[in-house]
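Two complexes come next, and they have one chain in common, subunit A, joined by subunit B in the first and subunit C in the second.
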Partner chain A sequence: MRRILISLVALLVGLLVLAGYFFPFQLSSVLPLIIDAALLLVGAAGLIGIGYLVRMHVLRLARKERGKFFSIIFLIAFLIALVAGLALPPGNTFYRNLILGVQVPVEAGLLSVLAVMLLVASLKLIRTRGWTPLSIGFLSSALLSFVFELGFLQAEPGTLSAELLSFLERLPWIGARGILLGMALGGLIVGLRVLLMIDRPYGEE
Partner chain B sequence: MLPLICPECGAENPSDLERCQDCHALLMDRNEEGQTKATGDHAESLDLLSGTEHDLPDLLHALRQDEGAPHIEGDQEDLSPEDFVESFSLPDIDERLIAGGEIAEPEVQSDELQDEIPDWLLRIRQRTSEEPDSVGEITQKIQAAQESLVEDERADRQDHFSSWLEKLGDDPESATELAPVEKPVIDDSEEAQPDDEPDWLEKIRLAEGKFDSDGAEDDDENRDGDSLLQWLVSLEDSAQKGPSTSLDEDEKNPLKEETSEEEPGWDEPFFAQEDTQQIRSLEQDASDQPFLDVSHEEQIQADQLAATIGDETALRSIKTHRRARSSWFLQLGLALVLMVVLGVALFYGAPIDSKLSLKPQNQALLTWADTLPPNASVLIFFDVQAGYADEINLIAQPVLNLVLTPGRKISLISSSPAGVLLAEQLFDEMLEVEGMVVDDLGYVPFGMLMAYGMASPANEARSLLGLERDDFDGVLILSDNFEGTAAWIEQFSAKNPDIPLNCLVTAQAGPLLAPYWETGQISGLISGLSDAQRIESVLGESQDAAYRWRAYRFGILIAIVMLVVGATIADEGKNKEEGQGGG
Partner chain C sequence: MIDWFLAGWVVIGVSAVLLLLLTLFFRLRKGYAARRLTSVDAFRTSQFVSIEQGRFRQLLLGDQLWTSAYPGLGLQALTILPKLLDVESAVDGGLSLSAGEGSLAVFARQIIEGRYTDGFSTALSSSGVRSMMPGVTPLSLTAGMLSELSAHPHGSLGLLGHLSPSVLLLAETVQNQKGHVFGAGGSLSAQAVLYPVVQDLLLGETVYMLPGLIDPGAGHQAGWMTEDILRFLLICGLIAGAVLKMIGVL
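On to the complex of A and B.
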C-alpha cells in the first residue's frame, strides 16, 4: 500500500510538471505550490543531513572511536559557525571573513590537488595502455587546449591562419555538443522510465 | 545328500560318484559347490570357500569322498570350511608340496606328535606318498598353465595376467574358476626351492604384504603362510576385497571420477621397451573397465603436461621492482624550487599586455551589458563554490562594473551554501556607489528547481520568492559548474526566449556551454581567466586579471612540459615492464 501510494504521488507530480510545459497558464496556480513544497523538502533534507553528521561525530566521540580528534574539530567549528550565524546579522563582515577565510583556501587547495591528480592520471593512461589511438587523441587534445589557452598563437582577422586557428579552438565544442546530445537523450529516457514507473528512484524496491 | 550336478553337461549324479554318468567329467568341484550352496546360513564364509575349495588339493576331495575316511569327530566335525582347509595346510605337508611336487613321508618328530596325528591324516600322508599324482588338481593346472606360458608371447602373457587380475577384482567367483588356468606358471625348479622363488611371486607377495622385501626369516608361522594353498586363499581374499589400493583411494575420493593406473609389470624394462602399454581406466561406477592404448610418445607428452602443470603450481619468489626512492632531502629540495619559481611567477614581474582580440561570445556579452537600459532590472544567479571564488571574481568584475550602475534594480539569488557570502564579498566594493539597489533573495537549495520556478508563469499569490519572470530585462549567471548553468539555460531560456541570458563561468565549464551560445540559447558567454584577461585588456579598467594571467600561463607551461616529458617517461617505463615481463 505504501509503495503504491508513493508511486501514485510521484506519477501525479511528474505528470503535472510535464503538463506545465504545455498548459502553463492553466496550471499557474498548481505549479508554484509544487515548487514550494519541493524547496521545503530539499531544505528539510539538508537539515536532516546536518543533524545526522553531527550525531555521527558525537557518537564517535562518545564511543572513543578512531578519528575522534577530527570529530572534536568538526564539532567545535560547527558550533562556532552555528552560533555566529544565529547571533550575527546577515552580511556581517566578521562572519563572512570567518567562513570564507577557511573555506576558500581549503577548497582551492583541493582543486589544486585535483589538477595534479588529473595530470598524473593522464600519464598513467600512457603507462597502462601505451600509445593507442585513444591515448594519442587524449594527449594531443590536452596539449592543443593548453597551447591555445596560452594565447601565444594569434593571427590577423580575416586571414586563412585566423580561420584555421578559430577552427582548432572550436574543435572541442564538437565533442561538447555530442556530450550534450547524449545527456539530453539520456535525460529523456530516464524521465520516461520514471513516469512509466519502470524506474522508481523515489522508493525502495 | 544332494545330487551332484555335472559342471560340463549339467546332468544330476548321485552324490557318491566321482565322475559324471553321462560325460564322465570330474564332479569334485561342483560337488563342493553344491554343498556350499546348500548351506545358506554360512553364505559369507561359503563365498570365500567357493574360491578356496577350488584350489583344494585332491587330498581333500578324496578325503571327503573316501568311504574309508575316518569319521570326523569332536571339534573337527563343526569345523568351518576355512578351518577345514587350514587343517590341511600343515607345515610339513605344505613344505613337501612346495619342495618336490610330491609329498614325502612325514618324519616322525616324536612319539607324542605321532600320537596326536589322527588316523585319517596318516592315511592321507600314506596315500600321497604312494601316488605321485595325489597332489591333485593344483599341480595339474600349474603344469597346464606352465605350458601356456611358454607358448604365449610376453605381451600376451601380460594381457592374460592383467585380465586375470581384473576379473579377480570384478567377479571373485568367476575369477576363482579362471584363476588356476591363467595363473602364472611356476617352474618345477622354482617350486622345488622355496628360497629361490620367481620374481612374480615375490612381487605379488610384496603387494599382498605377506613378507618383507628383504626376505624375512621363515619361521614356522611364516612357513604356514608360505604354503601355496594359503597363498592362493589369501590372494583370492584380497581379490574379493579389491584389485588394488588405488581403487580404494578412488572410492574414498568421490571427486576423482576417473583415474588411470598402470599395470604393475613383471619387470620394468619390459614396459620401457614397449611402444604401447595398456592403462586401465578405473571409473567409480563402471563395471567393465576399459583399456586405454597409450603410445610411448603419448606417454612422454602426458609426462610433459604433468610437469608443466606441476611447474605452474610451483612456488616462486615474486620479483618486486623496487624503484630507487629518492631521499627526502631531494624531494624537499624539488618542492622548494617549485614553490619559489611559482611564487616568483605569481608575485613578481610586470603584467602581460595582451593583444588578443575578443571572442564573439565575449563581445556579445559586453554588448548586452552596454545596451542595458538605465532602469533595467537584472537577476544575478550566483552558483559558485568557494574554491572558484577568485577566478569568478576576476571574470565577473569587468562585466559587473558595466551592469551595476545606479538606477538599475539588481536581484541576487544564490544556489550554493557559500554563494551568499561570496556574492556579498564580490559586490561589497561595488555597492558603495550611491543609488545602487540590490535585492538579496538569499539561498535557494535546488538551483534547477529555481530555474523551473522562475520560468513558469505564476499568479501574484503564488509567485516564487515574489518574483515574476516579466520583472527582469536580463539574467546573469555566475557559475562554476556546467550542470546548474545548463539547467538554467534549458528551463529558463526555453520558456522565455525574449529575456537575454548571459553566463560568466569558470574555465572548465566554458567548453560545454559554448554550444548553447552557438544555438542562440544564451546571449553571451565569458569563461575562464583567459577571456577575463581579454576583456580587461579591451576595457582597460584594471590589471588584476593581467597579473593572474601571468601566473596562470606559467602554470600551463609547466603542465605542458610535465605532460610531454611524463608521457615519454611513462612510455619507456611501460616498455621496460613489458621487457621484464617477457612480453
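On to the complex of A and C.
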C-alpha cells in the first residue's frame, strides 16, 4: 500500500510539473508550492548529506582507522566553518575570505595534480587500448586540437585553407554534439521510464 | 519558423507513447535483442572476485543529482543501484556507496533500505552496505574519496552518474591497488579523461543501457527500442535539415 502511494505521489507530481509547461497560467498557484516543497526537501537532504560526511569522519576516529589524522583536521575545520557561518552574516567578507582562502589553494593543488595525471594517462593510452582505430583517432584528434588551440596556424580569410582550418577547429565540437545528443535521448528515456513508473528505483519492480 | 519548444514536447509525447506501447508489447512477446557489452560482464566479475578476495567495492553515484547539461545522469545512477544490490553484495559488508550531494546520498540510502526490507532474507541487513558522502563539491568529493580508497584496498570501483574530470585520480588509485575500474557515467570531459586509462568504460548513450544489461526487463527493452527509433528519426531530421539548408529552403 505504502509503495503504491509513493508511486502515485511521484507520478502525480511529475505529471503536474510537466503540465505546468503547457498550462503555466492555469497552474500558476500550484507550481510554486511544488517547487518550494522540492527546494525545502533538497535543502533538508543537503543537511542530511553533511550529517553523513561528519558521521563518516567521526566513525573513522572512533574505529581508529587509517587516515584518522585527516579526519581530525576535517572535524576542526568543519566546526570552525559551522560556528563562523552561524555567528556571522552570509555576506561577511571575513567569513568568505576564510573559506575561499582554504578552498581555492587546495582545489588548485588538486587540479595541478590532475594535470600531471592527465599527461601520464595520455601516455598510457596505447598500452591500455592498443593500436585500435578508436585509440589512434582519439590520440591524433587530441594532439591536433592542441595544435589548433595554440593559434599558431593562421590562414588568409576567405581562402580555401581558412575554410579548411575553420572546419578542423569545429570538428571536435561536432563530435561532442553527437555524443551529447545521444546522451540527451538516453536521459529523456530514463526520465520517462521513472515518470511512467516503468522503472521504480524507490521500490521493488 | 519552427517552434522548437513545441518540437521538444512532440518528441517527449511520442517517446512516452512509444515507451508505453513497446513495454506492453515486450511483456507479451519475445524481447528486443541488445548486444552484450564485455565491460559490464567484467564489472560484475570484478565485484564477485572482490568478495572472494575479501576486498572492498566502491560505487560512486556522482557529484550531482541534476545538472542542466546532463539532466538524466543522476537519475540513471539511482536506477542502476537496485540492480547492483543483490544478496551477495551485503554478505561481507564490503560494499560502499558514495555520493557528492545530499539528495543523492539520501536517495541511495532509501533504495538500500527498501531493497533489504522488501525482498531479501532477514538474515541480511541494509547495514551491510555503507553509504557515505566524502565531499560536497566535485573536488572535495575526489579528495575525500582518495582518502577512503587509500585507507582500504579496493578490488572494484564503479563510476556512475555525473562526474568531473578529477575522477581520473580515483581510477588511477584503484588501478594502482590492482583493482578494477568501471565507468558508466560522467560528463563528456570525465569520459574523455577516463578513456585512456579505464579499459571498461561506457561512452555516450551506452551509459543509459546499463540497467537493462544487468537485468533485462520489458521496460528496459522498450527504452532501448524507443531510443533507437528516436535516434533514427533524429538522424533523418538532421540530414533533411542539412539538405534543405544547402538548397536554400531553410
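Observations, loosely collected:
Throughout what follows, the second predicted complex is superposed on the first by the 192 of 205 C-alpha atoms of A that agree within 3 Å, B and C clash if a C-alpha of one lies under 4 Å from a C-alpha of the other, contacts with A are read in each partner's own complex, and residues count from 1 in each chain.
Operating definition for what follows: contacts are C-beta pairs under 8 Å (C-beta built on N, C-alpha and C of every residue); 3 or more make two chains touch, one makes a residue touch a chain.
Quick caveat: nothing in here was measured; it's all calculated off a predicted structure.
Residue contacts after overlaying the shared chain place A:G151 against subunit B, while subunit C stays out of touching range. Once chain A of one complex is fitted onto chain A of the other, the partner contacts of A:E107 extend to both subunit B and subunit C.
In the superposed model, A:G182 makes contact with subunit C only, not with subunit B. By the touch criterion defined above, A:G46 lies against subunit B and subunit C together after alignment on the C-alpha atoms of chain A. When the shared chain is aligned, subunit B comes close enough to touch A:F25, but subunit C does not.
By the touch criterion defined above, A:G91 reaches subunit B but does not reach subunit C. Residue overlap on subunit A between its contacts with subunit B in one complex and with subunit C in the other: 21, 42, 46, 106-107, 110-111, 122, 124, 128, 176, 179-180.
Put simply, subunit A touches subunit B in their complex at residues 17, 20-21, 24-25, 28-29, 31-33, 35-36, 38-39, 42-43, 46, 90-91, 96, 99-100, 103-104, 106-108, 110-111, 115, 119-120, 122-124, 126-128, 130-131, 139, 142-143, 146-147, 149-151, 154, 157, 170, 172-173, 176-177, 179-180.
Residue ranges on subunit A touching subunit C, taken from their complex, read 21-22, 41-42, 45-50, 52-53, 55-56, 60, 65-67, 70, 106-107, 110-111, 113-114, 117-118, 121-122, 124-125, 128-129, 138, 176, 179-194, 196, 198-199, 201-205. Remark: subunit B residues 354-357, 385-390, 418, 420-422, 424-425, 440, 444-446, 449-450, 452-453, 456-459, 461-464, 486, 495, 507, 511-512, 514-515, 518, 528, 530, 553, 556-557, 559-560, 562-564, 566-567, 570-571, 573-574 touch subunit A in the complex. For subunit C in complex with subunit A, the touching residues are 9, 11-12, 15-16, 19-20, 23, 69-73, 75-76, 78-79, 81-82, 99, 101-107, 110-111, 114-115, 118-119, 131-137, 139-140, 142-144, 147-148, 150-152, 165-166, 168-169, 172, 188, 193, 195-199, 203-205, 207-209, 211, 217, 219, 222-223, 226-227, 230-231, 234.
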